[in-house]
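Structure incoming, see below.
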Amino acid sequence: MFAAAAAALLVTLSLALVRAFRGPTVFDRVVAANSIGTVAVLLLAVIGFLTGRPDFLDLALVYGLLNVVGTIAVLKFFHFGDLGEPGDEEGA
Amino acid sequence: MSVLGHYNYWVTVFLMTAGLYIVIARGNLVKKLIGLSIFQTSVYLLYVAPGKVIGGTAPIIAPGYTLYSNPLPHVLILTAIVVGVATLALGLALAVRIHEQYGSIEEDEILAADREAEERA
Amino acid sequence: MILAHLPALEVVVPLIAAPLTLVLRRASIAWALTTAACAISFVVALLLAVEVARGGPISYAIGSWAPPWGIEYRVDALSSFMLVLVSGIATVVAPYALRSVATELRGGQGTLLYTMFCLCVAGLLGMSITGDAFNLFVFMEIASLSSYVLIALGRDRRALLASFQYLILGTIGATFFVIGVGLLFLKTGTLNLADMADRLHGESTDRAVRAALAFIVVGMSLKLALFPLHLWLPNAYTYAPSTVTALLAATATKVSVYVLMRFYFDVFGLHLLTRVLPMQDILMGLSILAIVTASLVAVWQTDLKRLFAYSSVAQIGYITLGIALGTREGLTAAIVHLFNHGITKGALFLLLGLVAYYTGRTPISSVRGLARSMPLTTFGITLAGLSLVGVPGTAGFVSKWTLVLAAFEADQWWLGGIVVATSLIAVAYVWRFVEAAYLSAPAVPSPVPRDRPLSMVVPAWILVGACIWFGFDTSYTVDAARRAATLLLEAAQ
Amino acid sequence: MKGFLVLRIVAKMLIPYILVFALYVQFHGDYSPGGGFQAGVIAAAAIMLYGLIFGLPSARRLVPDAVVETMVGLGVLIYAGVGLVGLALGGNYLDYFVLARDPVAGQLRGIFWVEIGVAITVSGVMLKIFYMFAGRRRRDDTR
Amino acid sequence: MLLDIASWALILLGGAFCITGAIGLLRMPDFFTRMHAASIIDTLGAAFILMGLILQAGFSLVTVKLIAIGILLFLTSPVATHALARAALARGVQPMLAKGDVSSNS
Amino acid sequence: MAVLTVGVAVQRNLFSVVILSGIYSFLMATVLVALDAVDVGMTEASVGAGVSSVLLLGALTLCGGEEAKPLNRRWLPLLLAAVIVGALVYGTLGLPGFADPNAPIHMVVAPRYLERAVTETGVPNVVTAVLASYRGYDTLGETTVVFTAGAGVIALLRRRRRAAKGAK
Amino acid sequence: MLRIASLLVALFAFWVLMSGMFSPFLLGLGVASVVAVTWLARHMEIADREGHPAHLRLVAVVSYWLWLFKEIWLSGLKVARIILDPRLPVSPTLVRFAPSQKTAVGIATHANSITLTPGTITVQANHQEFLVHALTRDGAAGVVESEMNRRVREFEGSDLEEND
C-alpha cells in the first residue's frame, strides 16, 4: 500500500518533470521544481515506511528546508537580479 | 550476466556520457561546469548502486535488522560529493573572474579575444 | 618515538601549516611557516628514505586500524624517492617565493598563495605516500584544486582561462581515475592497494579489470599530460606565477607518473599489460609521438616559459617511454629521468622567474643580450638547458644514457636512435635561448638590475648545482631508482 | 527582500529552528543520518536565508568576514589537532583509542571532535563562498 | 484495523490529489493558473499523505517528525508560491485574465 | 532522470539549466535514499539542491545569461562519448549484478564494519563510524578539500574588491 | 526578556522532540545549542513580535488552523474538479482589496492562508492592500471581505500595539 502511494508520487513527479521541461517561462520551471521538492519530501517519508525504517525523516526535513532556501534564492535572483542586496526598495 | 541485471550500470553510463558530452560540446563555461558535475554525479551511482543488498536496509545498526547495505561506498561517495562541490565552487569562481576580465564566458569568444590581444601585442 | 610516526608527519606538517597560514593572515609569517613546513617534510622524507633503504618498506596504519580496514601509509623505495623529490623541490622553491610573489602578485594574495602552496605540497606528498586507492584520489584533489588556484593567481588574464581548462581536464581525469578505482573496488571489495593487488592476481583477464586499467591510465594520462592529453599544460605553465610553474613543473606531473607506475605495475601486473592488452605498445607509441611533436612544437615557440612547457611534454614522453619498455633498466631510466627532469625543470623555471623579475615577461625577444646584464643567470639557464638536452656531465645525460642503454638491452635499437635524435631537437630549442641571450645585441636598453634578492638566486642555483651534481654522482639517483624498479617488477610478475 | 512582509515573517520564525535542527543533525550523526558535513551545510543555509532576506550586509554584520575566515581554517586545525593529540598520547596519527581510558569512549570523543571540525570548516567555507559571490557587483556587460 | 484502513484511505486520497495537481500543472493554460494546481500538491496531497503516515506511525517520535514536516511545508509552500507569483509579476509575466479584469472591490 | 540530463544538455537559457540541475539533484538524492544510502542522499540533497543552486545563481548574477549558440564540432564529443560508453559497458559486464549479496564488495572489508563498528567505536551509524574513524584520514582529506576550495575562492575573488576599494 | 525565554523553551522542546534521546550528554548539548541559537537569534533581531509571536493564544491558533484546513479541503475539491473537467472552466481573475488586520503577523497569516487555499494566491500583501490572483471569478469574490479576513482579525489580538 505504501508502494501504491510511492507509485502515485512517482507519477506526480514525472508529470511535474514534463512541466519543468516544457515550461515556457522560467517561473513555470520553478513551480515545477517546487512541486518536485514537495513530492520528493513526501516520497522520502513514504520510502521510509516502505523500507520499514521510518526513523529517517530527518532527511525529509532537510529536503524541505533546502528546497525553500533554494527556491527563495532563485526568486530573489529573478526579482532583483542579485543575491546580495538588501532589497528594501520595494516597500510592500 | 544478463543485460537486465546490470541496468544500474546503464544509468551510470548514460549519465556519464551525457555529462561528458556537455563538457566537451558546450562552449559556455558555466554550462561546462554543470556538465562536469553531472559527470561526477554518475560516479555516485556507480559506487552506491552495487552497495545495495536486496532485503538490506540502511547501515545504521538497530535491533531487529540483520541485513544492512554496504556502508563503505557511502563513505567514499560522501567524500566524492564534497570534492565535487569544491570543484564546482572553484570553477565558478574562475568563471566569474574570467567574465570580469573578458566580458564573456563563451569559450570561443574568449579565445578570439586572446588571439586579438596577441595580434595587437 | 617520533621516528615511528614519520610517515604521518610527512604529510600532516604541511597540511596543518596551510590553515595556520590562513588564520594568521600575515604574509611574512605565512612564508616562514611554509618554508619551515617544507623543510621539516624534507628532513622527514630523508629520514624515511634512510629508514626504507635500511629496513625495507614501512607500513603505517592511520588511526591504528589495521590496513584493509583503515587507511595505510606505505613507504617503499619508490615512494620514498618521490617524497624526497617533492619535499626537496618544495623546500627549495618556498624561500624563492618570498620575493617572487611580492613582485608578481598584487595585494593581499600572498598569504593565500602560501596556503595553496602548502596544500599542494601536502596533496602531492599524500599521493606519493598513501597505500589506499581512494585516499590517493582525495589527496590528488587537494593537490589539483590548489594547483588550479595557484595557476589562476598568475598576473596575466590568460592564466584564468588556462586554469579553467586545467580544472575541466583535471577533473575529468580525476573522475576517470575514480571510475577505474570504483571498478576495481567492485571487483575486489577492497581499497588498499596491496590487498587489491593480491586479490587481482590470477583474474587479470577479467573485463572489469581491463576497463579499470583503461580508465585509470587515461585519467592519469590527463593529469600527467601524456601527449594527446597535454593540452592544458603549456598554457598553465606559461601564465602561472614563476614560483608556481617551478613547483608544478618539477613535481605535479611527476607524482602523476608515480601514480601511474604504482597502478600499472603494483596493481595490474605485467601479465595484463603485455599479454592481455597491448597497453605497452600504445604507451610506447604515444611516448614517441610526444617526444617528437612536442619537441618540434617547442622549437617554434616565442615565449620562453611556453617553450620549456612544451619541452616538459616531450620530457614526460621520455619517462613514459621508459615505463613502456617494461624492463628493469627501462623503469630505472624512467625513475631517474623523473628525478633529473624534476630538478632540471625546477632550476629552469626558477631562473626564468628571475629573468621575469627583471624584465616582467618572458618572450624570447626580452632576453636578447641578457648575457651582458645578467651573466650568471644566463649561464645558469644554459646549464639547465644543457641538462635538458642531455649533455654529458649533467643530470639529463645520466637519465638519457640509462634510457638508451635500456633500449639497447631490450633490443630496440631504433628507440635509442630516437632518443638521440630528439635530443638534437632539444639542442635546437635550447639554442634559441642561447642565441638570443649571448649572440643578439640587446634590443631594448638592458634592464636595470634592481637588487639581487638572495632568496631567489640561491634556490635557483641550488637546483642548477643539483643538475650538475647528479650528472656526476649517480650513486643516489640511479641506485635508488634501480632498487625501486626491481621492487616494482617483482610485484608486477 | 525585507519588504516582502510574508517572507520576512516566515523566515524569522524558521531560522532559529533551522539552526537548532542543524545542530541536532550535527550531534546525532552517531545515531541517525547526518554528521558534520550536512550540519555545516544546513547551518550555512540558515545564514544564507537570513542574508537573502535581510540583505547581505546584515548577514555580514551577524557573522563577520573575519569570523568566517577563521572558521574556515579552524575546522581543519581541530581535525588535524585531534590527530596530533592522538599522536601525543602515544597512539598513531588520528588514533582515537588513546583519547580516553576506555577505548570506545575514546573513539566517541574522537569522532565528536572530528565532526565538529568538519562542521566548522564546511559552514565557514559555504558562507564565505556565498558572501564572495553575492557580494560582488556585476561588471558592466561589455557585450 | 480500523486505523489501518483509515490511514490507507488517507494516503490514497493524498496520492490522488497529488496526481490531480500534477495533471493540473500540465493542463492549465498559463503560469498563474498552474500555480494553483501546484498548490493542491503542496497542501492537500501533502497533508493527507502525512496524516495517513501519522496514523501508521502511531504515537511516537516519528509522528513528531511527520508533524514537523507538515508544519514546515505549510509554512513554506505559500511563502514560496507568493514570492514566486510576485517575482513573476515583477518580471512582467502577465497573467491571463478572464473578461472582467482587475476588479477592485472594496 | 535521464530525460533531465538531456534537458540540461539542450537548454540554452542558463537559469533554466540551473533549476533543472537542482531538480536533477533532488532526484539523484531520492534515488540514493532508495538505495539505502541515507547519509549520501542527505548530503547530495543539501549540496545539490541548496548550496550548488545558490552558488550557480550567484555566479550567474555575475556572469549573466544566455548561452550564445549550440556548438559546432558535434561529432567529436559524440565519438568520444561513444568510446567511453563502449569501455564502460565492456567493463561493467564483468561486474556482479545489481544487489547481489555475494558480490566481492560485500565479502571483503564491509562485513567487519557492520559487525564490529558498534563494539569498537560505540557508534550505531556505521557510515559515521567508517567516515570518522576507520577512514578518518579520508575525511581529514575531504575537509581539507573543502578548505582548499574556500581558500581558493577567497584567493580568486578577493583581489578585485581590494583593488576597487583602492581605486575609489 | 520573556520572549527570549519562551523562544528558549520552544527551541529546546523542538530539540527534545527531534532527538528523543535523553542521555545527559545529548541533553547538555541540546541546552548548549539552544542557548547559542537564541543568542544568535537575538543578534539577528529576529526574536521579536514578528519572528516569535509568543503572544498569540494557542487555542485561537489551533482552532484557526482547523478551520483553515476545512477551507483548504473545500476549495481543494473545487480546484480538483476544475482540473479534471475536460473543459477546464477557469476564469482567472485579479482582485485587490484592503485587509483589516493591523499586525504584521496577522497580515502574513492572512496572506499565507489565502495562498494555502487552492485556487487563490496572494501576489502582493501589505498593510494597505492585497493583490490576489484567483483561478475562478467565484473564488475571487470569496476572498474579498471573507470569513477568513474576520477570523484572522480575531485571532491576531488587537490589544497590543504594533511596533513594526
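Order as written gives the chain letters A, B, C, D, E, F and G; numbering starts at 1 within each chain.
In the analysis below, a contact is a pair of C-beta atoms (placed from the backbone, for glycine too) under 8 Å apart; a residue touches a chain by one contact, two chains touch by 3 or more.
A quick note: this is a predicted structure, and the numbers were derived from the prediction, not measured.
Enquirer: In this assembly, which chains make contact with chain C and also with chain G?
Expert: D
Enquirer: Suppose chain centres are the mean of their C-alpha atoms. Which chain sits farthest from chain G?
Expert: If we average the C-alpha coordinates per chain, C ends up farthest from chain G.
Enquirer: Work out the mean Cα position per chain and let me know which chain is farthest from chain D.
Expert: The chain farthest from chain D, judged by C-alpha centres, is C.
Enquirer: State the pair with the higher C-beta contact count; candidates are B-D and D-G.
Expert: Answer to which pair has more contacts is D-G.
Enquirer: If you average the CA atoms of chain A and of chain F, how many Å lie between those two points?
Expert: So the centre of chain A lies 19 Å away from the centre of chain F.
Enquirer: Go ahead and note the Å separation of the Cα centroids belonging to chain B and chain C.
Expert: 27
Enquirer: What positions in chain F touch 2 or more of the other chains?
Expert: 18, 36, 38-39, 41-43, 46-47, 50-51, 54-55, 58-62, 64, 88, 92-93, 95-96, 103, 105-106, 109-110, 113, 124-125, 127, 131, 133, 135-142, 144-154, 156-158, 160
Enquirer: Send over the residues of chain B in touch with two or more other chains.
Expert: Residues 16, 20, 29, 50, 57-58, 60, 62, 72-73, 76, 78-79, 82-83, 86-87, 89-90, 92-97, 99-100 of chain B each touch two or more of the other chains.
Enquirer: On chain D, where are the residues touching two or more other chains?
Expert: 4-7, 10, 13-14, 21, 24, 31-34, 37-38, 42, 45, 48, 54, 58, 69, 72-73, 76, 80, 83, 93-94, 96, 125, 129-130, 132-136, 138-139, 141, in rising order.
Enquirer: Which of the residues in chain C come into contact with chain F in the complex?
Expert: Contact set of chain C toward chain F: 15, 18-19, 22, 62-63, 65, 68-71, 106-109, 112-113, 115-116, 119, 122, 126, 132, 134-135, 138-139, 141-142, 145-146, 148-149, 152-153, 179, 183, 185-191, 195, 199, 206-212, 214-215.
Enquirer: Mind listing the chain D positions that touch chain F in their complex?
Expert: Touching chain F from chain D are residues 29-35, 37-38, 41-42, 44-45, 48, 69, 72-73, 75-76, 79-80, 83, 93-94, 96, 103-105, 107-108, 110-111, 114-115, 117-118, 121-122, 124-126, 128-130, 132-136, 138-139, 141.
Enquirer: Over in the complex, which chain D residues touch chain A? Could you list them?
Expert: Per the touch definition, chain D meets chain A at residues 1-5, 7, 14, 18, 21, 24-25, 32-34, 38, 42, 45, 48-49, 51-58, 130, 133-136, 138.
Enquirer: If we count contacts the way the header does, which residues on chain C are in touch with chain B in the complex?
Expert: 134, 137-138, 141, 145, 148-149, 152, 157-158, 160-161, 163-164, 167-168, 171-172, 174-175, 178-179, 182, 185-186, 191
Enquirer: For chain B, which residues count as touching chain D in their complex?
Expert: Those residues of chain B that touch chain D are 58, 60, 78, 82, 89, 92-93, 96, 99-100, 103-104.
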